[in-house]
Every structure is written in C-alpha cells, then in structure tokens.
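Following this line, the structures themselves.
Across the two complexes that follow, chain A remains constant while its partner is chain B and subsequently chain C.
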Partner chain A sequence: MTEATDIRRNPGGLPGELIMWVLIVSELAVFGAALLIFLVLRLGDPQGFADSQAQLHRLSAGINTMVLVSSGFAAALAARAAETGTAGARRAVRRLLAVAILLGGVFLLLKGVEYADAARRGLGLEAHVFFTFYWLLTLFHAAHVLAGMVILSIVSIRANADAVEASAQFWHMVDLVWVILFPVIYLL
Partner chain B sequence: MKRLSWSDPLVRAWVALMALSLAATAVAILRPQSPAWAGTVAGAVILGFAWLKARIILNRYLGLADVPGARRGFGAGLGAFALAALVLYALGQAG
Partner chain C sequence: MKYRTQNIALAYFSVAMALFAVQVTMGLIMGYIYVQPNFLSDSLPFSVVRMLHSNSLIVWLLLGFFGSAYYLVPEEAERDIHSPTLAYLQLAILVLGTAGVVVTYLFDLFNGNWLLGKEGREFLEQPKWVKVGIVVAALIFLYNVTLTVLKGRKTAISNVLLLGLWGLALLFLFAFYNPANLVLDKQYWWWVVHLWVEGVWELVMAAILAFLMLKLTGVDREVVEKWLYVIVATALFSGILGTGHHYYWIGLPAYWQWVGSIFSSFEIVPFFAMMAFAFVMVWKGRRDHPNKAALLWSLGCTVLAFFGAGIWGFLHTLHGVNYYTHGTQITAAHGHLAFYGAYVCLVLAIITYAMPIMRNRDPYNQVLNMASFWLMSGGMLFMTFTLTFAGTVQTHLQRVNGEAYMDVQDQLAIFYWMRFGSGVAVVLGALLFIYSIAVVRREVFTPGPVQAHKDGHIEPAE
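Entry: the complex of A and B
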C-alpha cells in the first residue's frame, strides 16, 4: 500500500478533516481580502506606507518565518508518525508535537519583542493606517498561533491519529496565512 | 518513525521553505530604492516566492500533491491573489 492511500480521505479526495479545509479556505479569504484592502489603501499614501514599513524589523520577521515553517515541518512529521499507530510512534508523535509547540512559542516570543519595541516607539494602532492593519492582522494571526499551540498540547496527550492530523492541518493553516501576510506587511 | 533523508518529500519541502523565506527577506533588504521598476521587480520576486511557499505547504504539509483538482484550484486562487497584490504594489510604485 502506498503512503498516499494510507491517508484518510473525504469524498472530494481531500486528505484529513473536511471542516478543516472549510476553515483553511475561509481564513485565506479573510486574510487575503484584508491584505488586498491594505494594498489599495497604500495607493493613497505610498511614501507613508514605505516609511511605516521601514520601522519594522524585516530580518526578525524573516527569522520568525523560518521558525514557523520549521514548526509546521515537525507537525507534518507528527501527523505521519501518528498514522502508524504503534506505541513507539506515539512517543515520537508527542516529541514532534512538543517541538512544534516550542517553535510556536519562539515565534510568539519574537513577536512579543517586536510588539514591545513598536509600542515603546509610539507606533500604535493610530500612528498610521499602515500600523492599524499591521497590529490587527499580525495580532489576529498571533491569536491563531496561540490557539494552535493549545490544540497541539491537548492532542498530544492521547496522540490519536485523526486528532493529530486535524491539529496539524490547523497548524499548517497558520503557516499558510503567515506566508502570504509576511511579504505584504513586511517586505513589499 | 521513518528515518529522515533527502528523498523524503517533507524534508525537501522544509528545505525549500527555509531557502525561499531567506531569499525573500534578502531581496527585500538588499533591493535598490531606485529606479521604481527595480522595486517592482523585487516585489514580483517576493510575491512569487510567497506563492511558491504557499504551494509547498498545501502540496506537501497538507497533502494536496495527491489531489490534482484541489491542488490546481488552490494554486489558481493563490496565484490570482499574488497577481492582484503585484498589480496594486506596482501601481503604488508608479504613482
């Protein structure tokens, strides 16, 4: 049996939980629409947006991106290990989920440092429309990271294959949202 | 647990994601301020990398590599987003 056929599938052929795919599409639509509105508003004040963006720590955000995709890697390995269902695999799943959670914590720690620095410099919600979007979108994303860490922690207790796969799907959604948010807010 | 190796699609996906993240950050930091078209080219490269990263996460982490219809649908949707973002960014650069 191939690896692909080991994965539980929905009638539409999608792997994992169908409801998670509904959530993934919804989240991409919400964040995608907000980012396009952000870019439309930028047309009215490109210099103001560029000056505001220059206040952010691009390198720190780039490092955080690598931290988050590495966390996603650990979660993907955990979901694959959980499929085997053996006692040894369960220990490996717990270790991999712990790595994913730890890296999620590192992501939030770096974000916390970034937020504290922005607040200290008076770059709050009302400093510029750029920062209104910056705070709302990145805080909303950070809330997802925190929720994902809680979900991964709960799931790691029993390390049931279906639950691990669903929680890993949530974690990858958090990854996915960040990889479209990061370039628009920090890099463009 | 399966031993990790370069032939493992998950390992290759992770390495690609790390490299693309690093490259996008480097392009943003090192891009020239002028002329305006250089900024637009850098923007296109950055958004292209983001599109690739999203495709890798969907295909390898989320398992869409084995579901061609959904893979194409997500790829087209994300491509449309990246293109719209690039047009808006380029208009801002020109203005």
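Entry: the complex of A and C
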C-alpha cells in the first residue's frame, strides 16, 4: 500500500511494512554496535588504526559513496513513480530500478577491486583488529548490497507499488549504513 | 475439545510427563553427587547421569512440542489430524528409541558397533539406529501435520509452528555428521543445539504462546499475528549469527568473537518481545478464562525466559567476559533458568491448558497447579542464584587466581549443598504438577463468584 493510503487507514501509524521496519532497526542496531566497538578499540591503539586506515583506498570509497547515494535516489524515484500505478509508470519504474541495480553493481565492482588489492597485500581478517572490523563490516554491507540488488530485481518484475516501496526502504537502509560506515572506517 | 484427533496430544503429554519425572530425578541425583562424589559412582557414573538428565529434558520437550502441535493444529486448521495412526506410530518409535538410548547407555551394550553402539561423543550421542528412528519419526510428524495444515485453514500461528518444527527436524540431520576433527564436530553440534534453542525452538515457543494468548485472553487474532511476526523476525535475525558465541574457544577463527558477541547481544530482544507480548495481551484481552493456572504458566514462562535466556545469557555472552566464565557454574545457572523458563514452563503451560479440555473436566486443580508453579519456579530461581554465586567465586579463584579445578570445587561445597536443597524443591514441584493434572478431581478451594466486566458482560470461556 502507498504511504498516503496507509496513513489514511491508520492515522499516525507506520508507513510501509512493519516487518521491514523491524529489519531496518535491527540492521542499524547491529551495524551501530559494531561501529561503536570499533571506535572504542581505536582509543586503545590510535597509531595502529591510523596506519591501517592509510592502506585503504579513500578515493574509490568516496566514489562508491556517490554511486550508492545516486542509486538510492533512483530507487526513491521508482517508488514515487510506482504510486501512480499507470501502465506508462510501470515502464518508468522498471527503468529507474534498473539504474539503481546497475549502480549497485558498480559499487560492488569498485569494492571488489579494493578487496583484491587488500588481499594481494596480505591485509586479511587477521592482519590487525582494524582489518577484522573492516572486512566484517564491509563484507556484511556488501552482502546487503547484493541482497538489495536481488530484491530490486524481483520487485521490478511486477512493479507493484507496495513491493517497490518496501524494496526502496531496504535499499535506503543499505545506503544509510554505508554513509555511516564510510566516514568512521575510511576518514576519521 | 473441538476435534477428536486433538486427543493424540494426551498420549504425548503423558509420556512427556513421565520423562519429566525421570529428568528431574536424575538432576537431583547429580546434585547429590556434586556434594557426595562417590554416590553411585560404580553403578551410575556421573557422565551417564548427566546424559540422562540433559537428553531426557530434550526428548520430553520435543514430545511436548509434538503434543502441542497435535493439539493446536486441528483448531487452527479447522479439521482433524490427517492420520491419528501415524501420530501414534511416531510416538511409539520415539519411545522405543528413547528406551534404546537409555539401555545402551546404562549397560554400554554393543560397544563399538557402528549401528548399535555408542559413538563416544559428548552430546549428540545416540546409537545410529536411534538417530535414524528420530528422523523417521520426524518425517512422519511433518508429513502428518503439514498435510493437515495444507488441507485446512492456514494461520500465522500454524505457519510459524510448522516453520519452527521443519527447521528443528532439518537441523537434527547435522547429528549424523561425525567428523574426526573435534573442532568441526563441536561446530556442527552447535548447529543442532544452538540453532534449536536460540533459533527454531523460539518460533515454536512464540507460536504456542500466541495460541495460548488467543485462547486465554480472547484478544484479536490480527493483533496476535502482528506480534508473532515481529518476534519471529527478531529471533532469527539475532539467533542465527548469534551461534557465533559458541565458537569463541573451540578452534574457529577469531573474528567469530566479534560476530558472536554483537549478534548474540541482540538475542535478548525476542525474549523481551515475548514477555511484552504476553502482558499486553492479558492487559488488552477481555476474556475471563477459568483456567488461571494456564495463564500463570504462560506469563511465568515469558518472564523466566526473559531472565534465564535473556539476562543470564547476556551476562556471559560477550567474549571478553566469557573468556573468564566459560564452562563455569555461570553457564550452569544460565542453562537451568533458560531451559526452565523458555521451554519447560511453555510445555507445562499448554499441558495445563489442554489437559482439562482433553479429559473433559473443568480446570479443577487450579490451586495445586499454581502451588506447583511457585514451588518449581522458586526452586529453580534459588538454584540459579546459588549457581551464579558459585560461578562467580569459581571464576575468580580458578580463572583469575589460577587455583586448581578440584581445589576450587571443594570451596564451592556450600553452594552445591544449597543447590541440592533447591533441587528437592523443584522435584517436589514437578511431582505436585503431575499429580495435579493427572489425579486431582476437585478444587481444593472454592473459587469466588465470577465478576462481570465494567460494561456488564461476562465473557464465556473457550
């Protein structure tokens, strides 16, 4: 159901699917807890964390941030287009979702290049606690990007407004997590 | 009782209660061995008593789940169980298998035989023919219940229950894999045990609780289902990767310390949600159900599960803490209250609810039944506290000060004596419970008059 009808039916209620919100809150709680631990551990070894961070590719990750946010924008446009429900809108929804999925693929491609480089230089999970968290957090996130691409592909088949909205919700969560991850791991 | 085949549950619950009595008796014997280590050391070694204690617990809880499914699925699906004969055959296989395990264990028959003998494992230690029997029984059960649901009305409660029971059966298959590598052995063992109690069993628990709330409080099904979905989502989200908290020290890569710590910390959420669910339903419900004891067990279940599984679990789940407390009496304290709260109370709740209906009498025995709740729960809580104190002292003496294991055990004797005392209370409570549901035919106290609600109506019981 669309946001507007949902609120009419249940004034002051939650727009979209309850379970999607439960999932989003759970994901944010887990990523938040992990980032918090990461920051606390950094207090104990600022030099080691700074040295490790210098090994990462900030430019590539910066580009990826823009890629993912643009992808989120495309998904938002798709959700809005889906609400109109006309036959022409369905084509637009599919096109926009395809853009979102494609940009998700670009993100994974760039991330893959970063991973390959880190692996080549022996910066694995056990190299330093910084890298333990780097790999765990970004791999969990990349898995969500992949899952999001699959979800967006599935909903684009029927382009039903409720489903597109739910998938966009998920995709924005993936976006949001990256926007928090990026500064904490790459920049601070 | 609306459907004749719901009566299958009576047989399951009866066997479950017999095993329950065996289980707590074994616990009491073990509690005595802790303070008098030579007690029965020749005829009944500690390792065997412990196996009987923990395995009979698992088996009677499983029988309780199966019985609950046979009781509630007809009501949810609005039709009789597909084949009662198969249901009784399944019970017969499980009883035969259980007897086989106990006899094989006590007399160490067929030592070394791949099919009939022991496998030398610590926990997933059933002779192979019994494991096969368990799988056959599970297949019969799933076939029978799934077919009933598919042919009848599909509800969120029966869907979640089936999801939990299918998961339960599939995860048991890992018990067949017995790798030579001890690390892998332990890992797959946790895939059975952890993914049961902190995964699919929680789905079974949520479904049975939802059914009880629906019947006891009269709240709308729609409200119950919404809660059910949230509980299921949070249980699976935290529980699956939360398994990592068992990988800390068994030889798996170190990053599991972080994955396990973070995800298992959130395992408290579904237990909190179940507690909130039960109390909100009672608050919102308008039905004045005569079976107050069933309500007491249901509410007690969620509260004690929240404390035992949630709080006592969180207490030692972070790997920095667990490094010191691992395998001490802290673990025993958590294990006892978690199993008791989450699963023992759950099965006792549905037995308390279903027994009077199946035997076609009023819920007579309310006072005795409630007394057994307080006696058993009080005993279990006292046991949890004494073991927690014992574990704290043990952690300090043994893990921090580095004293030898048995020297420390000597110094814990006072706690073990108190634990034995609380064990007596639990056994008496268990026997009282069984007596109250099986024997008593009249109320001990005359109940007061039924009070009308504010708006004057009296909700009939279901």
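One rule holds in what follows: the second predicted complex is superposed on the first by the 176 of 188 C-alpha atoms of A that agree within 3 Å, B and C clash if a C-alpha of one lies under 4 Å from a C-alpha of the other, contacts with A are read in each partner's own complex, and residues count from 1 in each chain.
One rule holds for everything that comes next: a residue touches a chain if its C-beta (ideal position, glycine included) is under 8 Å from a C-beta of that chain, and two chains touch if they have at least 3 such contacts.
Computed from a predicted structure; not experimentally measured.
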Overlay on chain A: chain C relative to chain B, clash or fit: fit
Touching partner for A:85 - first (chain B), second (chain C), both, neither: neither
Chain B versus chain C as contact partner of A:124, first or second or both or neither: neither
Partner contacting more residues of chain A (chain B vs chain C): B
Vertex chain A, arms to chain B and chain C (CA centres, degrees, nearest 10): 110
Partner chain(s) touched by A:19 [first = chain B, second = chain C, both, neither]: second
Contacts of A:35 with chain B and chain C, given as first, second, both or neither: first
Contacts of A:112 with chain B and chain C, given as first, second, both or neither: neither
Touching partner for A:132 - first (chain B), second (chain C), both, neither: second
Contacts of A:187 with chain B and chain C, given as first, second, both or neither: first
Minimal inter-chain CA distance - chain C and chain B, angstrom: 16
Shared contact residues on chain A - chain B and chain C: none
Complex contact set, residues of chain A against chain B: 4, 7, 12-16, 24, 28, 32, 35-36, 39-40, 42-43, 46, 49, 58-59, 61-62, 65-66, 69-70, 72-73, 75-77, 80-81, 84, 88-89, 92, 168-169, 172, 175-176, 179-180, 182-184, 186-188
Chain A residues touching chain C - in the complex, by the definition given at the top: 18-19, 22-23, 26, 29-30, 33-34, 37, 125-126, 132-133, 135-136
Chain B residues within the chain A interface of the complex: 1-2, 4, 10, 13-14, 17-18, 21-22, 24-25, 27-29, 43, 46-47, 49-50, 53-54, 57-58, 60-64, 66-67, 69-70, 77-78, 81, 84-85, 88-89, 91-93, 95
Contacting residues of chain C [partner chain A, same complex]: 226, 229-230, 233-234, 237-238, 253-255, 258-259, 262-263, 265-266, 269
